[in-house]
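Labels A, B, C and D are assigned to the chains in the order they are written; within every chain, residues are numbered from 1.
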Amino acid sequence: MIPVPPPHTMPLPVTHFDNIGFWQGVKNHGLVIQKCQGCGAFRHPPRPMCPKCRSLKYEWAPSTGKGKVYSWVTYRQSPHPGFKAPYTVVLVELEEGVRVVSSLTDYPPEKIRIGMPVQVTF
Amino acid sequence: MPTIKDKAAIVGIGVTDFSKDSKRTQIHLACECILAAIKEAGLKVEDIDGMVKHTGDGADECRILRSIGGRNLNYYGECRYGTGGSSSLVLRAVMGVAAGVANNVVVYWTANDSSKRVELTYHVGMYMLSTSEAEQLSFYPPVGLITPEGQIGLIIRRYMHEFGVKDNQFGWVPVVCRENAAKNPAAIFYKQPITIDDYLKSDMIVDPIRALDCHTKIDGGMAMVVTTAERAKSLKQKPVYIMAAAQSAVQGVEMMTSYNRPVISGLPETSNVGKELFRVAGVTPKDINVAQIDDSYAPLVPMQLEELGFCKRGEGPAFCDKGSNIRLGGKLPLNTSGGSLGEGYLYNMNHIVEAVRQMRGTAVNQVKNAELALVSGGAGGPASGLILRR
Amino acid sequence: MLEEYLARKYRSETRPKAQDYLIKDKVAIVGIGQTEFSIDSGRSELQMACEAIKAAVDDAGLKMEDIDGIVKFTFDFNDETSLVNALGIPKLKFFGECGWGGGASVPTILHAATAVATGVADYVVCFRALNERSGRRYGYVPGATLTTIATNTHYGMNFPFGFMSPIAWVAMFTQRYMHEYGATSEQLGWVSVVLREHAQKNPNALFYGKPITLKDHQESPMVVDPLRRMDCCVDTDGAVAIIVTSAERAKNLKQKPAYILSVASSTATDGELMTSVYRKKISLLPETWYMGQELFRVAGVTPKDIDVIEFYDAFTPLIPMQLEELGFCNVGEGAAFCEGGKRIRVGGELPINTAGGSLSEAYIHGMNQISEAVRQIRGTSTNQVKNAELVLATSGLGVPTGGLILRR
Amino acid sequence: MAVEYFKGIPLIRPLIDLDNQGFWEAVKNHKLVIQRCKDCGTYVHPPRPCCPNCNSFKKVWAPASGKGEIYSYVNITYEKVGYPGMMCPHAVVLVELEEGTRLITNVVDMKPEDIYIGMPVEVVFEDIAPDLTLYKFKKSKGVKAKKGKR
C-alpha cells in the first residue's frame, strides 16, 4: 500500500503539520514530546488532538532524554542500503511515559536486555 | 436487538492457482476467480449486485464489471489493513445482504505480491500517504525499523520477555502448517514438509524472527459469494452459514507498531473480535472444531489463541508445543490448508475459503464432523474474524 | 446490459423485497459537525477531521466514548487508526471505506446505516476532511517527484493525450449532452446564479457576500470548453462529519432526528471514474438512474413528494442531468427546467442546494450537502424551505453514486 | 495544428500491462488494433482480460480500419487542468471507430474551433519520443464513417 520512496542513502522522516515540532527539536539536538495544554498528558507519535481531554492545544515539552529499553530487535540481514546489518532497533520507554523507537549506539547487541537504562544522543 | 447471526451464507468460492508468478494482471486474476465463484454457486453474472474489496486491490469493481459484463452493483465498499481486512470484507457483505440492500455480494482479493506485477489503484496516485502511513514513515524507517518483521519483532520480544517464552518455542506452528500444506496440491509448499530442526536451523532475519516464522508471498486471487440464508437454500452448493463476523480497532492501534499503549505484549483487537464473535454466535471456544488463524508471522498464532480464549494468557506456546493439539486429529486443528506459512500469503483470504471447505466437508485435510470453524485475521493491527457453521 | 437502462426498464423483481430493507425509518442522522470553510485552513487534515467529528459528537449530545464505528472516503487521507488514536475513541466495532471520490459521500451513510440496522455498531461517524485548496497534505515522501507514468492502465489510455482532470472528463460528456439535447451555456449559467444566490443567506459559504449575475457567468473564462470557470465548484479546505444511529436511540438524543427513509447506491455498466466514454451513450448518468430507481422503490415515495434537493454539484451540467435521471423532469429537459432559476430557487417548486452547494458553499465532496439536508429536516437552515418534510441528497456523478432521502 | 510538447518536462506515459501490451506494441509499429473476442467476435476497448459478452478469456488483436468520427470533444483552454508538458489550448477528442469502439485521443492538422461532432477522421501516428508513439487523428476526406456493430 505504501508507495515506495525513491532510494536514499538513509530513509528520511516524513514531516507534516502535526510532527514538524518534533523533528525541529531533533534537528536542534533536543528531544521534545508533545504535551497537552489541557490536561498535561504526554503523547507520541504526535497527533493534533489529545485522546484524553480532546484539547487541540499542545506544546513541545523538552524530554529528559532518559528512559529504559522496553523492547528490541536486531536486524541480521539489512533491509535497506542505508543500514549495515547487524544493527539493533530499540523501543525506549522515556521517563515521561511515552515510548519512542530508536537505534542503539555504542553498545554490543548481545548484552542488551529489557529494562536497561538508556539516554538519548543525536 | 438486530443481529447478523445466521442471516447470511457463503454459497460459492472461486480460486486461481497460487504461484510465484501468475503471468497475469490482477484484474485478470479477479475475473477468473470471481467467475469461478459465481459459477460454483450456480448463479449468473447479472445476479451479482454487490462487491467488496480490499482498498489496495488494483482490480476495482467497476473494471471487473466491465470485463465480466455485469449490470450494476447496489452495494460496494472497501476496507484496508492487510490480513485484518479479509474477514472485515465478509462482515461488510453480510451487512449488505442482511439489511436487504443487496442479494448476492462478491468478496474478492487478488495479489501479485511475489511477481510484483502490482497495479496501483485510483487513489494511490502521486506519492500521497494516508495519515497512519505518514506516521509510520515518520518514526520507524529513519532508525532502521523498515520491515514488518522488525516492527512486529518489538511486540514479540516483549511477549517473550513477559511470559518467559524461549525463541525456539514458536517452531511448532510452521511445522504443523507445512505438514498440512504438504498434503494440499494447491499449496505453494505442496510436498515440502519441514521438521522442528529445519526451523531451528533457519536464518534469524530480525532477531527474534526467523525466516521460517514468516509467510510466503504469492500471486493469486480468491473470491466468494455471500447471499442471504434464505436464498442460499435454493442454490447449488451446501450453504455455509455465517454465525458471526466482527472487526475491531482499539485505542493506540497502529499497523504492527502499536507501541504506545500500556501493554504491548497482547493483541487487544483480536481479544475484542473474539468476544464479539462468541457473543453474537452464542457459542464458546470449546465448541469450535477447526480454526484458521492469521499466521503471517508464526509467533502471532499462540498470542491469538490466548486472546481468543482457547488457552490462558502466556500458555499459547505450550498449547502449540509438539503440535499435538493443533494438528489434524488434535484438540483444535489449525490452518488445515497450510495457512500463510504453507499454502501462501493471500491476506487470510485463503483461511476463510479453507474454513468454508471444512464446513462443506470438502477440504483436503478434512476435520471429521467439523461443525463450527473460526477465522481470525489481522494480528498486530486492526483485526477481524468469523465463525462459520454447517 | 446498457440497453435495459436505455429503455428505462428497471427490473425491480430482481431486487431484495422492500420489507427486507431494514434501514427505512429505523436509522437516523443525529449529529452534524463541520469546520469553517476556507481557502487555507492552516492546519493538518487530521486536525480538520478531529474538529469536525468532535463538533458532530457534541451536536448529537454524545460522548466520544459512544462512537463505535467510522466510515470514511477511500480518498480521505485520514485513516481509522489515526482517528481512533487522535480522538481517543476506546474501541471501534465497525470501520471501512467507500471508494470513487465524491461518489462516496452518500454511500458512507449507507454503510453506516447497514451497520446500525444489523446491530453491528451503535453510533457510526461518517466524515470527509480535506485541504484541497491549500494543498496542505498530511504527509509526503521526501524526494518523491510527480510520476510520469499514468497511475493505472485505464488512465494510461487518457493521460498521454492531456485528458487528465475531472473538469475535462465532465466536459467530454457535457459536450455530448449539449449536442444531443440542445442545452446551452446560459441554461447552465442559471444553475450557477441560483446557487450563488442561496449562498448569500449562508454565512459559512465561501461565496457569502459575493452574488453573481448571468452576465458574470457568461463572461467568466472557459476552463475546458464547453465549461466556464463559473460552471465549476470551488476547491475548499474544510471538514464535515455526520453521526448515524438507530431511530430508537435517536429519540433520546439532543437533536430532532433526521430519519432515513431510504439510502441507496449504484454503479452502472461500463462505468469508470468520470471517464465512462466507452458506453453506448455518454450524455446520460446511468448510475444515477439505477440509484434513483432503488432509492424511490425502497422509500415508497415518488419524486413529486420531495420538498428539497441537495444535489452533488461539482459542475453545473450535473444538476439538470440528475433532475432527468431521478425523474423530476423528462430526459433532455433538465437544462430548460433550470432556465431562469424560478423553479429551483427557495420559494420555487423544487428548491435545490439551499446552502449554495459545491458551486457556492464549499466543496467537501458532497458531505456538506448531507449536513444541509439534515438542517432542512431540523428546520434550522439559514435558507429554510418552509415545511420541508422530505429532503433528497446525492453524491458524486459520473462515478458509482449514492442517494439519500431524509424525513422529519 | 497538433499538440505541442514543452521540452524539459517529462512526457506522460501509458501504464503498459499484460492485458494491454498488444495494443501498445501495435501502436509502436504504427498500427491500430482492437481487442476482439476469439469466441463471439465482440470488439472490446479498452483491453481487458475477458469478454464482457461471453466471458471467454481467448482474444485476438484485430486490425482496425483506423477510420471513424468524432463522437465528442473538449478544448483544454486553462493550463492548470491539463498536463504541464502539453501546450494549451489543445483539444482532446473522443473518436468512435468504424468497429464501434471509442478512443480518447488528440487531433492533428486542425484548429480546435473547427472540430465538430460527427467529423470523419482517420488515424495517424506520432513518434513523440524515441520510445513513445501515440495514435492521433486527422480529418478524413472520405465519406462519412458508418457505425459498426458494438
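The rule is simple: a residue touches a chain if its C-beta (ideal position, glycine included) is under 8 Å from a C-beta of that chain, and two chains touch if they have at least 3 such contacts.
Just so it is clear, the model here is predicted, and its values are computed rather than measured.
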Report which of A-C and B-D is connected by more C-beta pairs in contact.
A-C
Maximum centroid distance from subunit C, chain identifier (CA atoms):
A
Using the average of all C-alpha atoms in each chain as its centre, how far is it in Å between subunit A and subunit D?
52
Take the average of all CA coordinates in subunit B, do the same for subunit D, and state the distance between these two points in whole angstrom.
42
Whole-Å gap between the CA centroids of subunit B and subunit C:
34
I need the residues of subunit C touching at least two other chains; which ones are they?
46, 82, 85, 88, 137-141, 144, 151-154
Subunit B: positions in contact with at least two other chains
25, 55, 63, 66, 69, 80, 119, 124, 127-129, 133-135, 137-138, 251
Subunit A: positions in contact with at least two other chains:
3, 5, 12-16, 51
Once the touch criterion is applied, which pairs of chains come out as touching?
A-B, A-C, B-C, B-D, C-D
What does subunit C use to touch subunit B in their complex?
1, 4, 14-23, 45-46, 74-75, 77-82, 84-85, 88-101, 107, 110-111, 113-115, 117-120, 137-141, 144, 146-147, 151-154, 264-273, 286-287, 290, 294, 298, 400
Contact footprint of subunit C on subunit A as seen in their complex:
3, 5-6, 8, 12-18, 47-52, 54, 56
Once bound in the complex, which stretches of subunit B touch subunit D?
23-25, 27-28, 31-32, 35, 45, 63, 66-69, 117, 119
Subunit B contact footprint on subunit A (complex, rising order):
1-3, 5, 10-16, 19, 23, 43-45, 51, 70-77, 79-80, 82-83, 87, 89, 91, 98-103, 114
Provide the residue numbers of subunit C that touch subunit D in the complex, in ascending order.
148-165, 167-168, 171-173, 175-176, 179, 221-226, 229, 275, 277-278, 280, 282
